[in-house]
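For clarity, chains are labelled A, B, C, D, E and F in written order, and residue numbers in each chain start from 1.
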């Protein structure tokens, strides 16, 4: 009685099939993640997300590993288990070490703590920062 | 009728005064941020936070600039204006460019979007990741 | 070692029994959801929630299906799996199609992204909106 | 161009007027908070919220001060400035000291930190707790 | 000492100028919102967001007004003041009445309450929903 | 393919072993929670968190039970299942009854609802509170 089911490759047609093929080619893999198979329920969302993620996550002023670490940090703050897992693995494939991920967690946890300290004490922005 | 007011340097004594002096020395500045002046309402919290932040944010497997960027990413996800502002400035003082911060925002926003896609479609973790 | 266990219908007495009967009558069903069986641990919470939800979710300026869709949108933003599931089913029973739910997800994800863009760039409210 | 404006006492009629009178009587005051004046835009929401809050916040197994402290803790975690302010004042009126509120903040901040540690490391529930 | 400043129309060039012109044409207005002027700090983000929002918010299985209401519901749950304000106005321009927005708020608030009830009591998904 | 695995007692050395011994001694138990075994991946985080939690959660102006209840309230608002479970048990060990926990949930849920009402209606802080 699930509301949505994954669209498997064998059932992909049209735009969905094209995006699946593109993912496999660009990522040099035969495996399509569950994430993409679920998004395929809405072909427009699938295509837009795949296009956007390539643009946003490509090397720019920030390198790809740093972008993946930032992605993981957001996912940890939002408690998205799937996202933490898949993007930690992506970060490792781009050079992140377990030690880096462990320090990342310490920063994420500390930032969440001090964010609440600021809001709880209702700290006003320093005049020098305005 | 504020519940808490800042403890100004002139009124700092004991442990609070010590931490204020240490902040100024370690950061080579004469300025104490509103954040620390507010935490001073609870000297234990002030001291613990100052000690912890030095430990967590120091150069390790991740460099200091990357740690600040991660701090900003969490603060953006939590919508903590003060934290975004002060740690963006800290990131810049450690080498981050405006272009980097702009790419950081794109990653943070994208991650928040895909986190919700995952939760909304209730994507199950891929067997290959288990 | 669970802190709370469900109150099954066979064990329901007094106010809990009354609310259970009312749910079955008003919803024309023999099935009591786990949600209500858990709330029954606090009869006041059970009764207040049942009364409130009837008042809030009834047809008004907004029709019942739209209200269920909004309920789902909030639950997706809060990543409440149980709530997404049960209210998606409720939305479908009131006329929502799978296509509608799929578009709903796209809007929810997009709104979560632009919410963070606004907070990250600290966009000020336009003077024309004040 | 505000979407909603407060309903002032002079303009209150029917159910809104009744609730305003009841708030003043039960709280032994002549002052109606902005919160209630805003809720008055939807008389059903005003009445339901006023009834619910009296039921939930009344002395029970937990005393009123502890309930207000819990209210403040939630509001801090959600960064609701208005709520932190008004319920901190309510807590003080029921016996909370500034020292208590300061310790409350330390607990709230610490809990937010360890919540993220748990989610980031994806700690599984101990078998002994199942 | 702001990290980012708005790019005003007079200073827009290249891709930013193009998007600004497109917004004015498609929305039949002379006014560019602060949101777009801020996104212009990253032309790729500006263009991607403008393209995506047109795709996601266009009439489909859900009408445009319902999509705006859902947008507002997410923004309320995330406490994004700018987003609540601008999308409430957008919802009204597409036919939403003040009464509808008022009922929307009641649903959003109620959903946030029951989401927490579910998580707090750790309600398991009903077998009939699996 | 987990990113992190627990450090079991048999494999604990140096600082990790010391903290594990201290936890067992101070808590008068032979059992180390999964939480600590996971934090052991980063000995500095393990030690800092253990030291901080002892300082923050010790009896002060607030008693230990009240502090645990506040911890649970935050964890419920953040939907951290592990944290709700472990700290509810801790609260009970310090005197909290099931009835207290049940009232706690009612307050947490209500506060989450009214927090959203305040943000949705964009209620301004009363002049008398400024």
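Some observations on this one:
Here, a contact is a pair of C-beta atoms (placed from the backbone, for glycine too) under 8 Å apart; a residue touches a chain by one contact, two chains touch by 3 or more.
Keep in mind that this is a model prediction, so the values were computed, not measured.
Between chain A and chain F, the least number of touching-chain steps is 1. When chain centres are defined as mean Cα coordinates, D lies farthest from chain A.
Distances between chain centres, each the mean of the C-alpha atoms, put B farthest from chain C.
Between the CA-based centres of chain A and chain C the separation comes to 27 Å, rounded to the whole angstrom. Inter-chain centre distance (chain E to chain F, centres taken as mean C-alpha positions): 34 Å. Among the residues of chain B, those touching two or more other chains are numbered 1, 4, 41, 44-45, 52, 56, 77-81, 85, 89, 102-103, 105-106, 108-110, 112-115, 117, 119, 121-122, 128-129.
Here chain B touches chain F in the complex through residues 1, 44, 48, 52, 55-56, 128-130, going by the rule given at the top.
Residues 76-77, 79, 81, 84-85, 105, 108-110, 112-117, 119-122 of chain E are the ones that touch chain F when the two sit in their complex. The touching residues of chain E, counted against chain B in their complex, run 1, 3-4, 41-42, 44-45, 78-80. If you check the complex, the residues on chain D that touch chain B are 79, 85, 88-89, 92, 98, 101-103, 105-106, 109.
Against chain F, in their complex, chain D makes its touches with residues 2, 4, 31, 33-35, 38-39, 41, 45, 49, 52-53, 56-57, 60-62, 66-67, 69-71, 73-75, 77-78, 80-83, 85-87, 89, 97, 99-100, 102-104, 106-108, 110-115, 117-119, 121-126, 128-129.
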